[in-house]
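Next come two complexes built around subunit A: one with subunit B, the other with subunit C.
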Partner chain A sequence: MYALGVAIDATLITLVLALAAFGLAIIFGLIGVINMGHGAMLTAGAYITWVCQTNGVPFLLAVLVAAVAVAVIGLVLEHVLIRHFYDRPFETLLLTWAFFLITTEVIKIIFGPEFRSVTNPLPDAITIGGIHVPAYRAAVALFALALIVTSAVVLYRTSLGIKIRGLIQNRQMAALLGLNIGLTYKLVFMAGCFMAGLAGGLITPMLSIDPYIGNVYLVRSFFVVAVGGVGQLLGGTMIGSFLIGGSETIFAVVSEQAVAQTIVFALAILVLRLRPRGVLTPR
Partner chain B sequence: MTTTSSAIPAGRAGRSRRLLTENAAAVAVFAILGVLPLLFGGYVIYILPQYMLYGVLAMSLALMWGYAGILSFGQAAFFALGGYTMGLVMQAIGAPEAAYLGILVAATIGAALAALVGYFLFSAGVRDTYFVIVTLALSIMVEQIAVSQSQITGGWNGMFVDRMDLAFGPLGAVSLWDDWAIYYVVLPVVALVYGVLRWQIQGPFGKILAGIRENEDRMVALGFRTPLYKTVAFAVSGAMCGLAGALYATHASFVSPSLGGVLFSTEIVVWVAIAGRQSLLAALLGGIVVASLSNYLSSVAPEYWQLFLGLLFILAIVFFRGGVAGVFAQLGRPRGGE
Partner chain C sequence: MKYTAALMRAPLSRRATLKGMTAMAGTAAAASTLGFVGAARGDEPIKVGMISPLTGAWTVYGAAHSAGFELAVDEINEAGGILGRQVEIVVGDSRTEPRVVVEQANRLIRQERVDFLAGTFSSAERNAAGPVVEASGKVLLYPTFYEGQLQEYFPGVCNPNIYMFGPEPTQQVWPHMEYILENFGKKFFMIGSDYAWPQVTNLFTRQKLEELGGEVVGEVYIPFNTPQYESVLRDIRESGADVIFHTLTGSDTVNFRQQYAAAGMKNDFTLWTVDDEEVVTTGLGPDVSANDYVSFDYFMSIEHPNNAAFLERLRAKFGDDVLMNTVGVAMYNAAHMAALALNQAGEVSTEALRGYLGDLEFNDAPQGPVWMRALDNQLVLPSYLMKVREGWTGVSDMFEEIQNFQGVEPQNAQCDSLPLGQ
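On to the complex of A and B.
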C-alpha cells in the first residue's frame, strides 16, 4: 500500500520532471547548446500563464499562449545572439546565462518578488488501487508522456526528423545536400523554448510561482539530460528523469526534502564522472 | 573555452611593459586603499574590507576562468562554507586564538572540497561546460544545506559570528572592534593573496594554466598531467574563497545562506566578466568597484541596476572578451602591433 503510493508518486514526479527537462534536452541534444536560460523560460511561461488566467483566459489556452510567447522570445534570442555562436558552446552557455539574469530581473520588475498562484483546473483526486492521486498531476504526467513520444516519432519517423538528425551527424554534408542549416537550428531552438514555456505553464497549478522557480529546475533538467545521455530524447529523458526525480522522491521518504535533493545532486555528479555520456550510452 | 583569447600584446617588449604597468598599478591601488582610512571614516571604512574580500573572490574566479579557462559558478559555495566554518570554530573554541584556527580550517576546507570535486571531474575529462553546471549545483547544495540544517547554521536567520581579536598568545590581544583596525588586518591579507597569486601566475604554473586554456590536448601531448594542474588551480581558488569567507564572516559578524547561493555566485562571474578575466588586478578592482556601485545603485534603482549588469555582461561576452582591462590593454597597444 505504502510502496504503491511511493511508486505512483515517483512515476508522476518522473514524468513531470521529464516535461520540465524536455526543452533543455531538445536544444542541448540536437544543436549542442546548453540553454542556461531554460529555467528563466519556465518561469516566464509560468508568469504568462498566470497573467492570462487572471484576465479570464481559460487555463489550456493560457498555457498555449505562454508556450508560443516563450517560443517567440526564444526566436529573438536565437536570431540576435545565439546563432552567431553555434560553433562556440561556451559562449552560448554564457549568453543564455545572461538571458536568464535579464529575464529574471524583468520578471521581478514587472511582477515583484511575491508568490503567485494559478487556480488548479482539475482540483479533484482520482483513486488508483486505494491511493488518492491528484487528478491534475496525473493529467500532466500523461500529457508529458504523450508529448515526448510524439516528439520522438517526429524525430525518428518523419522527413523533418531525418533532416534534423542528418544535421547533427554531419553539419557540412547536410548543408551540401541543400539543407538550410540556419533555419533548422532556428526551428529546433524555438521548439525547445516552446517546450520550456509549455512546461512552465503546465507546472503552475502544482506550485506557487516566484521569480526563481526556474533556478532549481535548470540544474535538475541539466542532470536529467546529462545522466540520461545527451541526444537520447526519448529513453534518455525518461531514465534521467526517473533517476533524478524518482530517487529524490524515494530519498525524501527517509530524509528531508533539501537533504534528499543534495544526495541526488551528488549522485548525479557521480554518474557524470563515471558515465560522462549518460547511462544509456555504452562506454 | 577552446578558442584563443588574447589581451596580450605581441612581442617581448610589449609584454614586459604591460607587466611593469600592472605591477605599478597594483602598488598604486594598494597604496590608495592603504591611505583611505586617513581620509574617510564611518560607513566607507566599515564596508570596504568586505568589498576587498569580494575582490579576493573575483581573483579566485579569474584564476580559474581567465587563466585556466574553466568557468566555475560555485565560488560562492566555498565562500559560504568558509564563513560558516569560521563561525562554528569560534563558537566551539572560546579562546581568542580560535579565530586563527577558524581561518586556517576555512581555507583548508575550501581547498579540500575544491580539490575533491576538481580531481574527481577533471581526471575523468569531464567537459568544461559540465563543470559549470556541477559547480552551479554545488552552490545550490550549500545554500539548501545551510537553510535546512538550521540547528547548526541557524537556517534562514543566519549565524552570528564574533568579530575576531588579533591575539598574540601570552602578550595579549588587540581588539578589532574598531572598523579601521580590522581594515588594516584585511587589507594586508588581500594584498598578500594578490601578490602571491600574481607571482605564481607570472611563473611556470601560470604558463601551464594558460597552455591548458589555449590547447589542452597539446599540453597533454607535451607530457603535462593537465588534470593535476587544473585540480591544483581549483584547490587554490577554493582556498582563497574559504579564506575570504572566514574573514567576511568575522568582519560582518553574520553569515546567511544567500552567501552561498546561485545569485551571489552569478554576481562574481559578472564582476569578473565586466572587469576583465585575464588580469588579477582587474578582477580585484571589479569585485570592489562593481560591488560598491551595486550597493550604491541598488538603493537608488535596485531593479534596473541588475538589468544593466546583465546587459553589460552580454556586451562583455560578445564584444569585449577582455572586459574593461582588455579595452585598456587595447588602447595602450602601439598601432600595427598585431
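On to the complex of A and C.
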C-alpha cells in the first residue's frame, strides 16, 4: 500500500512536470530555440487565467484564453525577433532571456508582487486503493498524458508531422523540396507557446501565483528536455520528467527531501555525461 | 520620574518612558531650545538608509516593509523631525540578494552618508549587512521575526550595532505551546524551508515541546521553489501527528498549503504556522487557509486602540487596500524609537542612538507597548495566537484572536558578552 502510494505520487509528479516542460520540449526540441522565456510564458498563462477567473470566467475557459493569449504573444515575438535568429542559437538565448526579464517586470507593474490564488475547481481528494489522491492533480496528469500522446500522433502520423520532422533532419533539403520553412517554424513556435500558456493556466490551482511561478519549472524543464533527448517529444519528455520529477519522490522515501533533490540533479548530470544527447537519442 | 532621569543622563538609569507623540514633539522642542546641538546644520535633513526587498523573490514583502517605515518618518517629520531637522529616507533595493545588501549598505553609508540604516529582510540579508555596519560603526535597525542570537553568526547577530525589532522563537512560539498541546495533541510534525531560521525555530520549539511532554514525530526541510509535496504529505499522514508546525517561507508556503488542502488533509490535522502573515494568507485565499493557526507579535486584526489609530493613518497614506504585517510594523516602531532616542540624546550619532535606544519604551506601538532591552538589543513585545476565520473576505476579518500575552521577554541572547558592546 505504501508502495502504491509512492507509485501514484511519482506518476502524478512526472505527468505534471511533463505538462510544464512540454512547451519547451516543442520549441527547443523541434526548432532548436533555447527558449529562456519558457518560465515567463508559464507565468503569463497563470496570470491570464487568474485575471479571467477573478472576472467570472469559468476555469477551463480561462485556461483556454490564457493558452491562446500566450500563443499570440509568442507569434508576435517570433515574427518580430526570433525568426531572424534561427541559425544563431546564442542570440536567441539572449533574446528569450530578455523576454523573460521584461515579461516578469511587466507582470509586476500590472499585477503587483502579491501572491494570488485561483479557486481549485476540483478541491477534493479521491481514494484509489486506500490512497488519497488530489482530484485536480489527477485530472491534470491524465490531461497531460492525453495531450502529449496526441501531439506525438500529430508529429508521427500526419503530413504536418512529416514536414516538421523533415525540417528538423535537414532544413536546406526541406526548403529545396518546397516546404515553407518560415511558416512551419512559426507554427511550431506558436504551438510551444500555446502549450506553455496552457500549462501555466493548469498549474494555478496547485501553486502560488506570483511573478516567479514559472521559474520553479524553468530549470527543471531544461533538464527534462536535455535528459530525455532533444526532439524526443513523447518518450523523451516522459522519461526526462520521470528522472527529474517522479524519481525524487522515490528517493525521498529513503532520504530527506533536500538530499533527494540533490540526488536527482546529480543523476541528471551523470546521465548527460554518459548519454550527452539524452537517454533516447542514439550516441 | 524616569523621564527626568533620562534628561539628567544618569549613566546607569537611562530608562526613558515617553507617552505619545506630543511628548516626543515636546522633547524635540526642548532639545532645540536648550541645546542647539548642530544648530548650524538645522536645515539639513537627517538621512536614513532603508534597505528593502523591492525586487526579487521576496518583493511581496517589500511593500509592507517600506510602507511601515515611510509612514513613521512622515509622522516624525510632522511632529517636528529629529532635533528640529527633517528626516529623509534614502532607499536601497536589496533585490532579495545578500550580495546586493552589501553593495547597498556600503553605498548608503559611504556615498549617501546616512546617519543610520533600517531594514534588510531575511536573516541572510541581515548577516550580509553585519560586517558593513560593524566596520563603519553605523546602527542597523532590523525588523523581521528571526531565529534569535547565537555568537557563531556574529556579526549578523550579537552585534552591538544591530537592534532587533521583531520576535524570536521564544516570544513567537513558546507562549502558545500549552494552548496548542492542550487542545490539539502532543505530536508535532515540523516542516520548514531549508535554511537557518526554520531550523533554529524548530530547535527551540522542540525544546519547549519536550519540556511539556510532547514529541516531534517528523521534521523535514524543503529546498526553495519546490513545486511538489506528495512525498511530504504522505510522510505527514503516516507519522500520526496531531499538529503540523509550519515554517515554510514565500511561495513554497502557498504551494505546500494548497496541495495540503487539495489532498483533503485539513480536517485530519491542526496546522500552526509562524511564517504566514497577512500577505501570504491573502495569497492562500479563504478555502486553503481557514481554521489554521498563526502566531506573531502583530496582526492587522488585533483589537488595540494603538492599532486602530495606526491603521487609520496607514490607510490615509496608502489607500484602503494596503497590506501591513509584523515586519512593516517593526519598521514603523524602529523609526519612531530611533527618533525618540536621538531626541532624548540631543545629538545624532551612533553613540547617541545606542546610548538611548537601550531600555527605551514605545507606548504607541501598533501591537501594544514595546521596549528595547539594553542587554541584548532585543525588543520586548506582545505575542498573539490567531485562528484564520472561515470564509474571510479581507485582512480586517481574516484572523480571530485566540489569546495574547503582553510584554513577552525573549530568552537572553547567546552571545559571548552581555550586555552587548560592553
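Throughout what follows, the second predicted complex is superposed on the first by the 274 of 283 C-alpha atoms of A that agree within 3 Å, B and C clash if a C-alpha of one lies under 4 Å from a C-alpha of the other, contacts with A are read in each partner's own complex, and residues count from 1 in each chain.
Throughout what follows, a contact is a pair of C-beta atoms (placed from the backbone, for glycine too) under 8 Å apart; a residue touches a chain by one contact, two chains touch by 3 or more.
Bear in mind the structure is a predicted one, so any value in this text is a computation, not a measurement.
**Student:** Put the two structures on top of each other at subunit A: do subunit B and subunit C fit, or clash?
**Tutor:** Pair status: clash.
**Student:** Please name the chain, subunit B or subunit C, that touches the greater number of residues in subunit A.
**Tutor:** C
**Student:** Taking the superposition as given, does A:L95 touch the first partner, subunit B, the second, subunit C, both, or neither?
**Tutor:** After superposition on chain A, A:L95 lies in contact with subunit B alone.
**Student:** Where does A:Q261 make contact in the superposed view: on subunit B (first), on subunit C (second), on both, or on neither?
**Tutor:** So A:Q261 meets both subunit B and subunit C here.
**Student:** Under the stated touch criterion, which partner chain does A:V72 make contact with: subunit B (first), subunit C (second), both, or neither?
**Tutor:** neither
**Student:** Using the touch definition from the top, say if A:N215 reaches subunit B (first), subunit C (second), both or neither.
**Tutor:** both
**Student:** Which partner does A:V279 reach: the first (subunit B), the second (subunit C), both, or neither?
**Tutor:** Touch status of A:V279: no partner.
**Student:** Examine A:A139 and indicate which partner it touches, taking first as subunit B and second as subunit C; both and neither are also allowed.
**Tutor:** A:A139 sits against neither subunit B nor subunit C.
**Student:** Identify the partner contact of A:V154: answer first if only subunit B is touched, second if only subunit C is, both if each is, neither if none is.
**Tutor:** Neither partner.
**Student:** If you stack the two complexes on chain A, which partner ends up touching A:I181: first (subunit B), second (subunit C), both, or neither?
**Tutor:** Once the two structures are laid over each other on A, A:I181 reaches no partner at all.
**Student:** Let me test your reading of the model: by the given contact rule, A:I34 touches which partner, first (subunit B), second (subunit C), both or neither?
**Tutor:** first
**Student:** Which region of subunit B runs into subunit C, 253-261, 307-315 or 325-333, after the two models are superposed?
**Tutor:** Clashes occur only in 253-261.
**Student:** Overlap of the subunit B and subunit C footprints on subunit A, residue-wise?
**Tutor:** Comparing the two interfaces on subunit A, one with subunit B and one with subunit C, the shared residues are 108, 215-216, 256-258, 261.
**Student:** Name, in rising order, each residue of subunit C that touches subunit A in their complex.
**Tutor:** 55, 57, 59-60, 62-63, 194, 220-223, 225-228, 230-232, 234, 237-238, 251, 253-255, 258-259, 261-265, 279-280, 282-285, 287-288, 323
**Student:** Touching residues of subunit B toward subunit A in the complex: what are they?
**Tutor:** So the residues of subunit B in touch with subunit A come to 1-3, 71, 117, 120-121, 124-130, 132-134, 136-137, 140-141, 144-145, 147-148, 262, 266, 269-270, 273, 303-304, 306-307, 309-311, 313-314, 317-318.
**Student:** Subunit B touches which residues of subunit A in the complex?
**Tutor:** Contact set of subunit A toward subunit B: 34, 81, 84, 88-91, 93-95, 97-98, 101-102, 105-106, 108-109, 215-216, 218-219, 222-223, 226, 256-259, 261-262, 265-266, 268-269, 272-274, 276.
**Student:** Using the touch definition up top, name the residues of subunit A that touch subunit C in the complex.
**Tutor:** 2, 5-6, 9, 12-13, 16-17, 108, 112-117, 119-120, 123-125, 132, 134-137, 203, 205-213, 215-217, 220, 245, 248-249, 252-253, 256-258, 260-261
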